[in-house]
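Attaching a single structure in structure tokens format; questions to follow.
Going in written order, the chains are labelled A, B, C, D and E, and every chain counts its residues from 1.
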Amino acid sequence: MRLVNIRPGRATSLVLGILPVAALVFVYVLASASRHAINPGDRILPTPAAMVSAMHTLMFVPDPMTGRLTLWADTLASLQRLCLGLAISTLSALIVGLALGLVPLVRALFGPLVTIIALIPPIALLPILFIMFGLGETAKVMLIIIGILPVMIRDVAAHVETLPTEQMLKAQTLGASSWQLAIRVALPQMMPRLIHALRLALGPAWVFLISAEAIAADIGLGYRIFLVRRYLAMDIILPYVAWIALLAIALDWLLRLANRRLFPWAGSS
Amino acid sequence: MRLVNIRPGRATSLVLGILPVAALVFVYVLASASRHAINPGDRILPTPAAMVSAMHTLMFVPDPMTGRLTLWADTLASLQRLCLGLAISTLSALIVGLALGLVPLVRALFGPLVTIIALIPPIALLPILFIMFGLGETAKVMLIIIGILPVMIRDVAAHVETLPTEQMLKAQTLGASSWQLAIRVALPQMMPRLIHALRLALGPAWVFLISAEAIAADIGLGYRIFLVRRYLAMDIILPYVAWIALLAIALDWLLRLANRRLFPWAGSS
Amino acid sequence: AAQRTEFNIGWSIYAGWMPWPYAQQAGIVKKWADKYGIKINFVQVNDYVESVNQYTAGKLDGVTVTNMDALTIPAAGGKDSSAIVLGDYSDGNDGIMLKNAGSLADIKGRNVNLVEFSVSHYLLARGLESVNLKLADVKTVNTADADIVGAFTSPDVTAAVAWNPQLSEMKKQPGALLAFDSSKIPGEILDLMVVDSATLKANPALGKALAGIWYETLSLMQRDDAQGKAARTAMAKLAGTTLDTFDAQLATTHLYQKPAAAVAAMSAPEFATRMKRVRDFSYSQGLFGPGATSADAIGIAMPGTTLGNAANVKLRFDPTFMQLAADGKL
Amino acid sequence: MTALLSFRNVWVEYGDKIVLERVGLDIDAGSFVSIVGPSGAGKSSFLRLVLGQEAPSRGEVLLDGQPMRAECGPDRGIVFQRYSVLPHLDARRNVLFGLECAGARVTGRLFGAARRRALEEVDAMLDAVGLLSAGGTYPAQMSGGMQQRLAIAQALITRPRILLLDEPFGALDPGIRKDMHALITRLWREYSLTVIMVTHDIGEAFALGTRVLTFDKRRHDPHAPHRYGATATYDIALERKTEVQGSDAE
Amino acid sequence: MTALLSFRNVWVEYGDKIVLERVGLDIDAGSFVSIVGPSGAGKSSFLRLVLGQEAPSRGEVLLDGQPMRAECGPDRGIVFQRYSVLPHLDARRNVLFGLECAGARVTGRLFGAARRRALEEVDAMLDAVGLLSAGGTYPAQMSGGMQQRLAIAQALITRPRILLLDEPFGALDPGIRKDMHALITRLWREYSLTVIMVTHDIGEAFALGTRVLTFDKRRHDPHAPHRYGATATYDIALERKTEVQGSDAE
């Protein structure tokens, strides 16, 4: 049987998918143990036990100052910023991407601007951003938006542009106006792609959130990581990174599920 | 005539595309002039003249310490890192994306790992990167690769997965082995998408390059921006950002041209 | 500037500045602000440079900053600033770390990782001077302060300059040598509370409140009893560390306990001498910007004397409010 | 009866490839024009001209005596050679689409009683093409012939003035094809549509059309076949029988 | 002659929709089987079974007496109902592809003399389907009929043991269709292929086939049409004439 035709079942897939992740964890545990054998005070690769104990404190012991459970308070703050940035970006990408992809005039007018903005590294703009939007939540959410929105718009607009010409013509012969083309033909077919673009934007969104929190914040997952980076507290950094990855994977999985449920007709493509 | 059917010509498009950019520049000049009217020493929105003079020095006056022309030396150093990171990522995305998209077994085995890595914000991993790759060029190039490769792989693999089943079957009935399917059917059809993914990755690549140069470097465009960021030297930051955008746009344009020239059959899709 | 009732003060993590956020948490800020009928918000900025930038850009009315950065960032940027609280000088909080070395002289020819153009750069210059080397004898590599500990674990990094809390982490590395530290240049690296001069002029209440807050908090944390310990524990927590580590950092921070001591230090003749040294170093490194044609371009006003261009004073060391505290007139 | 569509010395060229040359034709309102001709002769290209999808590279196309805008609208319906239904709508919604476009300019959707009335019409049309029981099926789950019938139903529901059909019955079996013939003929007659149909089945062309056009190259250079385009080589007017019956088209 | 393909009580179901039920058939090597039947009866599904693209939901398919692997290979060629050529290769390279797969296992490309020899063969095949002058054209620039002929040429060049054709001549005009009939018949005879062809043209089915199968539902519930599947309702063996000529298929 050809390699390309061997399709592992669900259970096999699950096991196969876990294998490399498990292997990585195993390699880490080995490396950590060997470093600790040489230097019991090693901070770079903390043992699983050290990480568990550090996390236990952050998860279950209220901070004596604020009375908050650190991990959960950080998570809540970061997720709020992230979700706000993602929601605004998705909504804007929907509207702007649709207009750019569908209306040649809009594309001619704003296409180059979006491309330029997409290509300016937002990190270089950080000082300007903080000056324009202050030190509050706005600047952090804005950095996420500036970081992911142009890419999402380009992605979605490109997809709308590739909808078959025949389909557009067909809809027009059926009496569709530009507006009806937008909301009845392009928009629904764009939705799966929009959600796909959102999934792809999750990674960068976290990067920008963490970068923003690194500079001006007093709560949040990125803030905590940068705070304890001064002490090379890998026993906190590593579980925090894992936790961020877990949150991101959960979001990603939810979005994939939504795509399958909401747009069954797109299943094959 | 319906809005969607109005297609501006090349010349009109060019003019339309320049309009919003020109408007932005105009607004900036106005804002800068009004700020300088109030405070002639304002550093936040420097006048065009101040930027030109700052740039003149960086472009044509050799640095007394090193004897180098700052802007060109920075550009060369950054472009080297960027291109190396992009080249390695593109090549890896080609191979891994092809394997993931085409071979269900490989997808089952490494798909979840790639997804996880794509969703971990690389910025959070910086201390680990230092320990693994040191502080030299390797670490900077690695940050770019870790930042963009997983997204590129996912993008390309998803595209290979959506190649019509009929095409794969057809090729198999024509005697294609898995290997031949890969190099003769999937690979060529993947190439335009790979270049597209590379274009989309340009933005994030600059972000990671600048982040890496911000953390440890003695030359580079990002190094300069973060160094003078300390002194709010917007007369250097703004032209540097514009220069980075210009370089990015040039790269983007080259890639688009390559896509058109190399893959004429993909023109319509 | 207009008279106002609400002010934003930025702070960042450093041993000598932790009393400020603690005062906010413990209600001391509110107490003094209420007394003068104003409101003061202390805003944490995780990134030190960004906090100073925000102040320079006018988003903050005051900020915690070192003497060198107050000169080269806001003052060089044309912003007239007043240092109203002289909190401490670094007495070992900044240091040069070497690997595989017997003494500081071994640094010659190495790459040195540090935050360029910061007090670390200044400390390096002073250290090199002490072993008859020049800055040109080493190659500096700009490295972010939050990452310098991680960087120092890398085998290809053999020399670095940092401040606390990072410095104490780096000292723990096997084979690391503290080759030079700021206790050898006492009084040259100063930690200040700086506010916008115009705002201060229109709102002297802000200066009074800040001085009141500072000295009440200092006397509380100095206490040897449970209350003092609780205050220092809270500060350690705010800095993301433990009481032991924090106490160790305080030991290398020369806090001016009493307002009178701070006023005296600011008025002493050595103060101007040291400030001139810092200023000349900054100018030689081009930190006054391309427009500056001499070290005297920016005027620095100190009690009894003015350094540089008296017509362009941008940094004022103003002991008025510390004096009021010393006199018990707040 | 004045000419509905007029072609005046029309050329279609792609680069240096000449597809159609010197096409001059008048098409009367209410006629049923069948077009036959070899593969690649330019029949689909001709339909694209009438549709307004493409403009001629030379010459002009007149609609009601006016130069035609290169834009298609609800006065012209089309069934493309490759079935082109909307992939994200099921069969019923695909047919409903045209009625919703006409009846709901802003929302693009019908609600309540208006929707119920429209759906009755849709179901009657689906029944006519034999897809009533497949109303909830998405195009991707349909056989080729089902998709083609869906495309026909979709085009017919808006009763366009000019109906363009590009090999509409190619993928249909004889039984269903006969039903489709009857359906098209009935609608053509009831709503006095003008129909232009491309087909490869000469029997069908003659059975349905009031006029048969053949497209072919008049000259052919074997070494540079692309240097000569096709045009209407034969133009045959027919007396259309009253009703399509039995094996007319076989 | 032993049966090349055997179907033993084969069912094809999509969810609770039954497409084919209780199909039991033997197909001899060297036969030319025509399949006719209404749209949606499951003819394409039947071909997918033979191709190995899908496995039956019940029952089994035997090839040479062995259970068939659900994988397609060079022993079975196919022309799909929707033209499926490789979009990134021009016509000549599309046909060359099969020869390159066989002749260059590692590089997937032929060079030098081998390539020249292969290209001669390719050009002969392109000539046979009337596409010689379109050798450098990409599929996107071709008319529907040209794409279909290209698909036929592509499938024929590897001389598969079993050739599956799903309405291969649907988009072709009578003249070219006749040429194609002759071509298929010649190759079927010369290489003793086994051909299974789905068509809607009953004349074509009888003219070309040595056996005609009709697929249809034996029972039909108007309220739940999907609860009954189709099967081979008629199975007619023919004495095949020696040569296809004239208007056989019209």
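Things worth noting here:
Please note the rule applied: contacts are C-beta pairs under 8 Å (C-beta built on N, C-alpha and C of every residue); 3 or more make two chains touch, one makes a residue touch a chain.
Note that the structure is predicted; figures quoted are calculated from it, not measured.
Shared contact partners of subunit A and subunit C, listed by label: B. When every chain is reduced to the mean of its CA atoms, the largest separation from subunit E belongs to C. Chain centres were defined as the mean of their Cα atoms; on that basis the chain farthest from subunit D turns out to be C. One simple way to say how far apart two chains are is to compare their mean CA positions; for subunit A and subunit B this gives 18 Å. A separation of 83 Å divides the Cα centre of subunit C from that of subunit E. Per-chain CA centroids place subunit B at a distance of 47 Å from subunit D.
In subunit B, the residues that touch at least two other chains are 2, 44, 126-127, 131, 172, 177, 214, 229, 232, 269. Counting partner chains per residue, subunit C has residues 53, 57, 147, 149-150, 153 touching two or more of them.
Shown for subunit E are the residues that touch two or more other chains, namely 71, 82. Counting only pairs that meet the touch rule, the chains in contact are A-B, A-C, A-D, A-E, B-C, B-D, B-E, D-E. On subunit B, the positions that touch subunit D within their shared complex are 1-2, 5.
On subunit D, the positions that touch subunit B within their shared complex are 69, 71.
Against subunit B, in their complex, subunit C makes its touches with residues 49, 52-53, 56-57, 69, 72-73, 76-78, 111, 113, 116-118, 136, 139-144, 147, 149-151, 153-157, 287, 289-290. In the complex of the two chains, the subunit A residues touching subunit C come out as 39, 41, 44, 63-65, 126-127, 130-131, 134-135, 213-218, 223, 226-232.
Of all residues in subunit A, those touching subunit B in their complex are 2-4, 6-8, 12-13, 16-21, 24, 44, 102-105, 108-113, 115-116, 118-128, 131, 147, 150-151, 154-155, 158, 162, 168, 172, 177-178, 181, 196, 200, 202-204, 206-207, 209-211, 214, 222, 225, 229, 232, 234, 237, 240-241, 244-245, 248-249, 252, 269.
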